[in-house]
Amino acid sequence: MNGIKVENISFSYTEGQPVLSNIDVHFRQESTAIIGQNGAGKTTFVKLLKGLLKPATGNIYVNGMNTQEYTVAQLAKQIGLVFQNPNDQIFKHTVIEEVMFGPKNIGQSTEEARQNSLLALEKIGIVHEADKNPYDLSLSDRKLVSIASILAMKPPIIIFDEPTMGQDYLGKERLKKIMKDLRAEGVLVLSIIHDMDFVAETFERTIVMNQGKIVLDGPTREVFSHEQLIRDVYLELPHATQLGKQLGLKQTFLTVDELINFNRKKQ
Amino acid sequence: MTLYVKQDSLIHEIDPITKVIYAFVAALLPYILPSHTVALIVLVISIMLLVVGKVFRKIIPLIGLSLFLIVSLVIIQGIFRPDNVTPLFHFGPIIFYKEGLSYGLLLMLRVINLLCAFGVLILTTKPDDLIQSFIQKGMSPRIGYVIGSVLQLIPQMSATIATIKDAQRSRGLETEGSLLVRIKAFLPLIGPVIMNSLISTRERSIALEVRGFNAKQKKTFLHEVHTYKYAKVIQAVLILIFIFAILWRIFL
Amino acid sequence: MLSCGGFSYEKIIVENLKYKYPDTDQLALNDVSFEVEEGEVIGIVGQNSAGKSSLCLALTGLIPHFFNGAYGGKVLIDGIEVKTSTITDLSQKAGLVFDNPFTQMTASKYTVYDEIAFGLENIGVSREEMIERVDWSLKMMGIENIKDKNPFDLSGGQMQRVAIASVIAMRPEILVLDEPTSQLDPQASEEVFRVIQQLSQEGITIVIAEHKMEKLASFTDRILLLYEGKQIDFDTPQKVFSRDDLHDYGVVPPIFTTYCKAMGMKNKKTNTYPVTLAEVSSLLGGENNEWNKS
């Protein structure tokens, strides 16, 4: 059984203060954005999916493997997590060595790891930096290195934690393409993310978390049609959605291209 | 990372420097005058101060932590001290001697006394007040900053280390298990820790620079100098006791 | 040039500024020249490594006093030449806030109140004035309720407002912000943008580097567009975001502008496209005009 099945989990760091309660959700193939205010429990949630934390009650099955029964390292073949701050992982002297670290850990041969790493760097557009010292790159490029280092492990599930942070327009476009390509290859892509425009342009499904609970879950377009609820949990509508409303249109628009095409047809 | 306990007490009102002098004099007296009586008297005074300062309960876990050391001191001295002659009691073949136990007891009193004396200082003095007092006495503000920030940055750093550990485990690194596994995990863990702290130190020094950290002007302080009416009197008495103890030791 | 004999009416004057970091061969700033008037809000846009951060550092004296390297040209802050001044003196003219809230906390103070006073202690401000300034900063940032908390126990958004409070307590007339919301969630970003606008209303000159174009368009007077260290444009948001070649510099205009360009909705009078939701609706005939006043 592919995907992640979350069966009615709860979790708390200190007793009596639940960080997550009664979460029941199934991720199959759709690329999914996890949105919500800081402190809503998003990071805790993905740490549980990744097996870094174990649920207090309930079970999580990652491609059929119960996270309670496997170590994080054993799960690493199945599920990759790209951390927010690339400086939390980089320790090798060259980009290529850094990217090869994960693949080698999960049993790829050096040659295989090199192949996969070069491919990942190629995909991300920084293969020309392969022999540089990661710390000679800008922070936003280091972030791309940390993404490549997970791609090269070829897990069928990849979670991103705030991938767009500090990225400029081109960086975001590149990320969008990577995620869409992964999706096309059949990889399950999940991401915690604050950038609503990016959510609207990239993800098929969106989950809204608030105070440790999932308060909205559905196709991205439907989620952003709940304007009041989105505002109630201190989030914003994507700018294209705001513009659509301002133009007096009933439908929920996710991208500016949708709006342009819609109104051109009308004219 | 601070042991300071916020309370409203007479001891909290005393200025940090007086308490520093007290801590040193009280800790040293039982060494200058190596008698059980002196150690006991000083200890009782420190405990009284802790009680008045409403922090006595906080010292107990600290003493508890050093209990292993204390007990082993007494036992080792009781059995093995070279001038042991008078057997007191025995457990099977192991004989405990009066001289050794007596000396062990003195060592024990000294250790507990040291903890209590510095407890009076640390438990009732805000670390930044203490640092400020030293700066006003002429210590470099930079050294003061380093001492002050280390206390807060250590807990921050342990949070970073936890994240780094998670990040590397996520890339299939085993961090638990045999010694070999742990040794192999060392570099991937320590590398990012070092780079991370270098990067944050650099950023933080920019933040400090733009807030006048390098100013040539004479520093001022938000909090008024913690003055205590009887500071000078108490300090003088403490120093007199100290000098008297040394003279006593030399001449009597 | 309005300057005469070293005296100037402009808050910021940058003249042919060039800068290269040590051990690099590319100029981070390549012949940048612009002037900012008192009370203006200036947005700096450009792709990563276009020179936005370097410019922020140059306006506050960190370049060339903290970062060495090759420096050419001139930066005048309120009439003072940066190159011959010191970071400490400049900190009372132009304050700097950057993206990471954590590293902007000194870590040597145990309460927000003391944290904000840190800079004032360093520059020798008297106690009475210090208290007055800290209280003012807390109020401006709307953080009086957290003044007794430990800075490290705050959320990112709160911490960032403490960072701004600590800098404005130095009473600079210029505030330079380098991507101050890039690490915050939408609500916290909104709060930070709100306090920045409030400071602008107090008359403080603001220079802010940001990727969020929709936000910049709504409250900046002029936009400085940088590309590979070079200054491409310095004009109103409407003019800069209406440029046809914007994409070549790795920048996209606000979504509203993109839409209006595609639909040919131009403001006939200014020959520019709208840059905010409010401008779109006023171009459409003014209904719902109250929508995007924030």
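Order as written gives the chain letters A, B and C; numbering starts at 1 within each chain.
One rule holds in what follows: a contact is a pair of C-beta atoms (placed from the backbone, for glycine too) under 8 Å apart; a residue touches a chain by one contact, two chains touch by 3 or more.
Going by UniProt, the chains are A = ABC transporter; C = ABC transporter related protein.
This structure is a prediction, so every number in the text was calculated from the model and none was measured.
J.: How are the chains arranged in terms of who touches whom: line, ring, star, complete or other?
T.: Here the contact pattern is complete, since every chain touches every other one.
J.: On a CA-centroid basis, which chain has its centre farthest from chain A (ABC transporter)'s?
T.: Max centre-to-centre separation from chain A (ABC transporter) belongs to B.
J.: More C-beta pairs touching across which pair, B-C or A-C?
T.: Comparing B-C with A-C, the pair joined by more C-beta contacts is B-C.
J.: In whole angstrom, how far does the Cα centroid of chain A (ABC transporter) sit from the Cα centroid of chain B?
T.: 46
J.: Between chain B and chain C, what is the separation of their C-alpha centroids in Å?
T.: 45
J.: Taking the mean of the CA coordinates per chain, how far is chain A (ABC transporter) from chain C in Å?
T.: About 30 Å, centre to centre.
J.: What part of chain B is in contact with chain C in the complex they form?
T.: Those residues of chain B that touch chain C are 2, 126-128, 131, 141, 144-145, 148-149, 152-153, 155-156, 200, 203-224.
J.: In the complex formed with chain B, which residues of chain A (ABC transporter) make contact?
T.: For this pair, the touching residues of chain A (ABC transporter) are 47, 50, 52, 71-73, 76-77, 80-81, 83, 85, 87-92, 101-102, 105-106, 135, 149-150, 153.
J.: In their shared complex, at which residues does chain C touch chain B?
T.: Answer in residue numbers: 60, 62, 66, 86-88, 91-92, 95-96, 98, 100, 102-110, 113-114, 117-127, 130-131, 134, 152, 163, 166-167, 170.
J.: In the complex formed with chain C, which residues of chain A (ABC transporter) make contact?
T.: Residues 37-39, 138, 140, 165-171, 194, 196-197, 234-236, 239-240, 242-243, 246-247, 256, 259-260, 263-264.
J.: Which positions of chain C touch chain A (ABC transporter) when the two form their complex?
T.: 47-49, 99, 155-157, 179, 182-188, 190, 211, 214, 250-252, 254-256, 258-259, 262-263, 277, 280-281, 284, 288, 291-292
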